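Just so it is clear, A, B, C, D, E and F label the chains in written order, and each chain counts residues from 1 on its own.
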Amino acid sequence: MLIHLSSWPEIDARLKTTKTVVVPIGSNEQHGPTGLLGTDWLCPEIVAHAAERQDEQLVVAPTFNIGMAQHHLAFAGTISLRPSTFMAAITDWVSSLSRHGFERIYFLNGHGGNVATIEATFAEIYAEWSFVEEQPPFVLKLRNWWDLPGVHGFCNRMFPTGHGMHATPSEIAVTQAAYPHLVKTAAMEPRIAPVGPIRDALDYRARFPDGRIGSDPLLASPEKGQEIIDVAVPALLKDVADFTAEVLP
Amino acid sequence: MLIHLSSWPEIDARLKTTKTVVVPIGSNEQHGPTGLLGTDWLCPEIVAHAAERQDEQLVVAPTFNIGMAQHHLAFAGTISLRPSTFMAAITDWVSSLSRHGFERIYFLNGHGGNVATIEATFAEIYAEWSFVEEQPPFVLKLRNWWDLPGVHGFCNRMFPTGHGMHATPSEIAVTQAAYPHLVKTAAMEPRIAPVGPIRDALDYRARFPDGRIGSDPLLASPEKGQEIIDVAVPALLKDVADFTAEVLP
Amino acid sequence: MLIHLSSWPEIDARLKTTKTVVVPIGSNEQHGPTGLLGTDWLCPEIVAHAAERQDEQLVVAPTFNIGMAQHHLAFAGTISLRPSTFMAAITDWVSSLSRHGFERIYFLNGHGGNVATIEATFAEIYAEWSFVEEQPPFVLKLRNWWDLPGVHGFCNRMFPTGHGMHATPSEIAVTQAAYPHLVKTAAMEPRIAPVGPIRDALDYRARFPDGRIGSDPLLASPEKGQEIIDVAVPALLKDVADFTAEVLP
Amino acid sequence: MLIHLSSWPEIDARLKTTKTVVVPIGSNEQHGPTGLLGTDWLCPEIVAHAAERQDEQLVVAPTFNIGMAQHHLAFAGTISLRPSTFMAAITDWVSSLSRHGFERIYFLNGHGGNVATIEATFAEIYAEWSFVEEQPPFVLKLRNWWDLPGVHGFCNRMFPTGHGMHATPSEIAVTQAAYPHLVKTAAMEPRIAPVGPIRDALDYRARFPDGRIGSDPLLASPEKGQEIIDVAVPALLKDVADFTAEVLP
Amino acid sequence: MLIHLSSWPEIDARLKTTKTVVVPIGSNEQHGPTGLLGTDWLCPEIVAHAAERQDEQLVVAPTFNIGMAQHHLAFAGTISLRPSTFMAAITDWVSSLSRHGFERIYFLNGHGGNVATIEATFAEIYAEWSFVEEQPPFVLKLRNWWDLPGVHGFCNRMFPTGHGMHATPSEIAVTQAAYPHLVKTAAMEPRIAPVGPIRDALDYRARFPDGRIGSDPLLASPEKGQEIIDVAVPALLKDVADFTAEVLP
Amino acid sequence: MLIHLSSWPEIDARLKTTKTVVVPIGSNEQHGPTGLLGTDWLCPEIVAHAAERQDEQLVVAPTFNIGMAQHHLAFAGTISLRPSTFMAAITDWVSSLSRHGFERIYFLNGHGGNVATIEATFAEIYAEWSFVEEQPPFVLKLRNWWDLPGVHGFCNRMFPTGHGMHATPSEIAVTQAAYPHLVKTAAMEPRIAPVGPIRDALDYRARFPDGRIGSDPLLASPEKGQEIIDVAVPALLKDVADFTAEVLP
């Protein structure tokens, strides 16, 4: 059940039996010479929507499509929230979803650069309760889609070299599976991009001139993307089910 | 050209000839017994994407899908940002887009409840420059899709009674045109919803029990929605062209 | 009853019978070659104080004299709050007045540029309650003095041409009625000022070199101002009475 | 020259010869059984406006009439800003006045409870420059009106007993001189109010049931108030002149 | 009992009999040619830890070692919080300590420049309760170590000339008593530093080229420092005992 | 060179040859039945100060002793900053240190719960530069002391079972080496604490009743702590030297 394509009485009815909601969250940022700028929010959306098609009990929120991407701002098309803004926005999403009775809020994340800020946000939210000795009416969980059980290993076996850390062939492939008419190609030199630390935008562009980090996105194909999706979808359904079933102390 | 389905070199190249970007912006909130929760962000997205298909020079950002909907929070599925959060997020979008060289940033809005906060944000952004006697490198414009020249009159003629202010048949129709398999129906009593002031969420729900204000959404149909889109798309293209061509003092 | 000229026991006693308070709110900003910088806060103060003299049951707060005027900052004497500051301050006024038992807080506004931010503030305040399913102990209302029933039409009939949008003869006239010794004159070229969009301060000054928008303030006179006040005062008293009498759902 | 009763060209012209502006700043808060709620902003306004009548070269801003009065909130009519709001607002006033070329900004304060927050604000403003090794284009000064040279001693001699710290006969007298028709009286028990620490609003009301601290406001009279004003006005003019003439290192 | 050198069960046990905690708070900032940069946080720490050694019932929190020192930023080694940051941090300390049941929170301060911001913070904290007519579960107190009863007079008698306001021989001496191996010396010209107003960092450095204000730190010695400590410690123990014993209204 | 025990001219002189500063950063939070509440800020302080004794060219800032510990707030003595406060404070430390010319700022961290917020802060700081296409004048680095090259493996070999994640024998041992008179003991049941997710404070206390996660702190001894320090100190010196020597792109 996709919230944005449902009416409020439909969500209201579903809340009688389901207290869990999945929020696809990512970033809109450069993904190398061929990757879509939307890659990091499209991937969790693709996986979550595919899972919803398999199990329409799954409640999926709209996609949180802009995240923390300050280091990519030297590449056209990147849109970034400051971490403080990102924190405020996630907080308001949680407040809204909790207001309706969702008690388990599961963020399916598509951008490694979001992790620190999302975790800091969880702490900011929990702190309001911790300072006053009250129990929050919700539990929050963050899961990167590539960290769904089995996915990371599967991708590494599929791309034993050139997987890298940014504009990886696995994420590119997932978007190619969903948007096969948008497969792009380009010459890339070196074939496998360099690696290094991540700092501000100018530093990033100087280190990684075409945007990639450690990856060879040309290894991607729509078919491989579909294979990854096929591994990720059941893993997501199981992970959400486990989260829903978890007994709190 | 949809930013999120492009690569950064493609946006980079387009920026050589285009300095204008369209940002569909809306809200995820209840739209009565039959309307999609995503109506207010889907409508500007539908119109902007249709316009981009007619003129692929048009650069369209990802959709800003959560806005200011505090008054709808008593209806399941609504997600709202506080105005202060909304302001911070819009500011970061503007900073990001301006960083790449976009000089005219056009927000195509789908939610009346967003207007005050978006205008306040523009003032907040401009104030940074006004306090220090500097010229901002961008111009900001807000346009509600129903205020595109010709659209409002067209909708009023199409729905002479029962158009109302929330969950209007025109916006419902637009989403039905784009998602015809999701046309929903429900008994609504009274057929035309009441009107009144908008305050907090509990007050809203007490005044407008099924969420509608002044509207009869059952008047909507996919065909009518397509007619509206067909009026809105050229109006948008012309409005953006005028904005792009405007000579600054 | 003017709060600032009363003692606390007097306000305490009045609160036994009155739960409504009127807050004159405006801006300190340029008003063309002849208008007083205080025009936008003086006008609602003049009207509210005149109303209080007619009905001393009316509780009037001190005047909130600085608002959102970033676009006027290129003209000497203008003082502006950032919208975010303005929001915080209005919030604290509401918290304070609500603390004492005022349940209906009526802002009589004198500056069009304040409207968006005041409305965003109302939403920010209400959101705290909407997120947690609680009813706020107050109702907020914004009314521009020129939108008091009957006033706008009266002014338009009085000034069929040259009324414009900023430094209008009607607001200038109201201040002249209250401060007749301060009537100023100046050559204005063109007689009716240009119109156009409002953006940052430098853009504003380039478009509107003497500060006026669309107006001919030389049409003003103290006598006309008094006529306007005489229309506005009963309209305010009735509007406040209606607000006080409104039954909540 | 009162800014709010001037036009922008008048302020513009004055700025050619004057770079100093006086900002009366105070608070709207209970002042015991007989004192006006506006006492703390009326007093600096009364003194500053009287000074401006003697020397119309003096530029006086509108009165900043709401300050930090959280401890008085248990008494009806008090309006308080949180310190953080107060800081933001003062910052915006300074930014606005500095924008026009005012280089010496003199706050004439009427409320002891404002002092800490105003000083913290000055530090917050200066910090922006200190962090980046730049010189601010303005100098800020805070002066309580009762600390103008000669005033404090004069008041103490006038009221050797019962002056106290809040709702003092001297401040009450100053407002009586300006508003003689509003002289109020009440039985007060004890005649001289108790003293003690200042904390939150409920604590304050428990300690100081009628609002006074250490004072006997019945000692006030309009005549005494005028005497105080007559001492304060030349002291203010001299203090401002000294501030204007101060040579920076 | 030093919190940071205790285990949580030890603090838990102590809270059964003690509801008061002492927080040494200061600043890390230049202290002239010879003073330690840590002087202002070391002094209250030295005094509080010495007191704790005499009465191990005294609960002492970790030292809050960075305060408001923007005016010293032109001297290497100074670290400053903006007042707004300082306020947020103190608020969180108070929330944390109150969470555990500490009801009397006593800040022993070592930096005059902290006073305004700490007092503004207390007001910010109290305001949350004052706005809603609730009693906070704690009482806050600020005491500068040199204002402990008897200390100021003792220091003035010890240093009848050259005590000054910054890098005073008394504070230097206290650190010398605790760190006798770190006694530094330097030529200072003039022997007694100048005095003047405190503004931004560049202004400060221009007025006070070696950092001192009005002081002759060469008068300090470890022995004198020990004498001061010996006066301050019993004064602190008594002051804390009085604070603990204070009956609230 | 410890900044807080130096004078400003000493730091000034050192800055001629050194542009790197080490900031020990941690948290004050419960560490199980026997661990010191200060463990997480004491450990990086102990290691950094030991390193400074070996190489007095190393510039070490005062210890940032309060971090993000909301999940420990149900245990007495814990003091936590909200992440947003923590971010503001780190930002001000960086601004201050950068002001003096430190170009490489190395945070030696002692608390895993700080990592997300510190990384988010780095992004917040960098974003200011990334939005405007400027290069920051500093590079920031975060290193947990247990992640210094070689340390983690050493600790794991020393404690093959019962190391765990919180109140680990390695961190307890390091504090025992520095404070051998404070070695505490207690019965712990079970000997190795449970593991699980970290959420709010009440959830944490319910899952981990004595505060430990997965650890057996009784394995610690001062001797083992000294061995760990002896491994960490050269690792820190080398890591800082590498950071200093790193060539920027």
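Following the convention adopted for this analysis, contacts are C-beta pairs under 8 Å (C-beta built on N, C-alpha and C of every residue); 3 or more make two chains touch, one makes a residue touch a chain.
Fair warning: this is a prediction, and the values are worked out from it, not measured in the lab.
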- Starting at subunit B, figure out the least number of steps needed to reach subunit F through touching chains. 1
- Task: Write the angle of the rotation needed to overlay subunit A on subunit C, where the fit uses Cα atoms and the result is rounded to the nearest 5°.
- Result: 120
- Message: Just the number, please: Cα centre separation of subunit D and subunit E in whole Å.
- Response: 30
- Message: Could you work out how far the Cα centre of subunit D sits from that of subunit F, in whole Å?
- Response: 47
- If you look at subunit E, which of its residues touch at least two other chains? 73, 80, 82, 84, 96, 99, 130-131, 133
- Message: According to the definition already given, which pairs of chains are in contact?
- Response: A-B, A-C, A-E, A-F, B-C, B-D, B-F, C-D, C-E, D-E, D-F, E-F
- Message: Touching residues of subunit E toward subunit C in the complex: what are they?
- Response: 130-133
- Message: If we count contacts the way the header does, which residues on subunit E are in touch with subunit D in the complex?
- Response: 68, 70-71, 73-74, 80, 82-84, 87, 113, 115-117, 119-124, 126-127, 129-131, 133-136, 139-140, 199-203, 206-207, 248-249
- Item | Footprint of subunit A on subunit B - complex, ascending | 3-9, 11-12, 15, 28, 30-38, 41-42, 61-66, 73, 75-82, 84-85, 88-89, 91-93, 96-97, 99-101, 179, 182, 184, 186, 211
- Contacting residues of subunit F [partner subunit D, same complex]: 95-96, 99
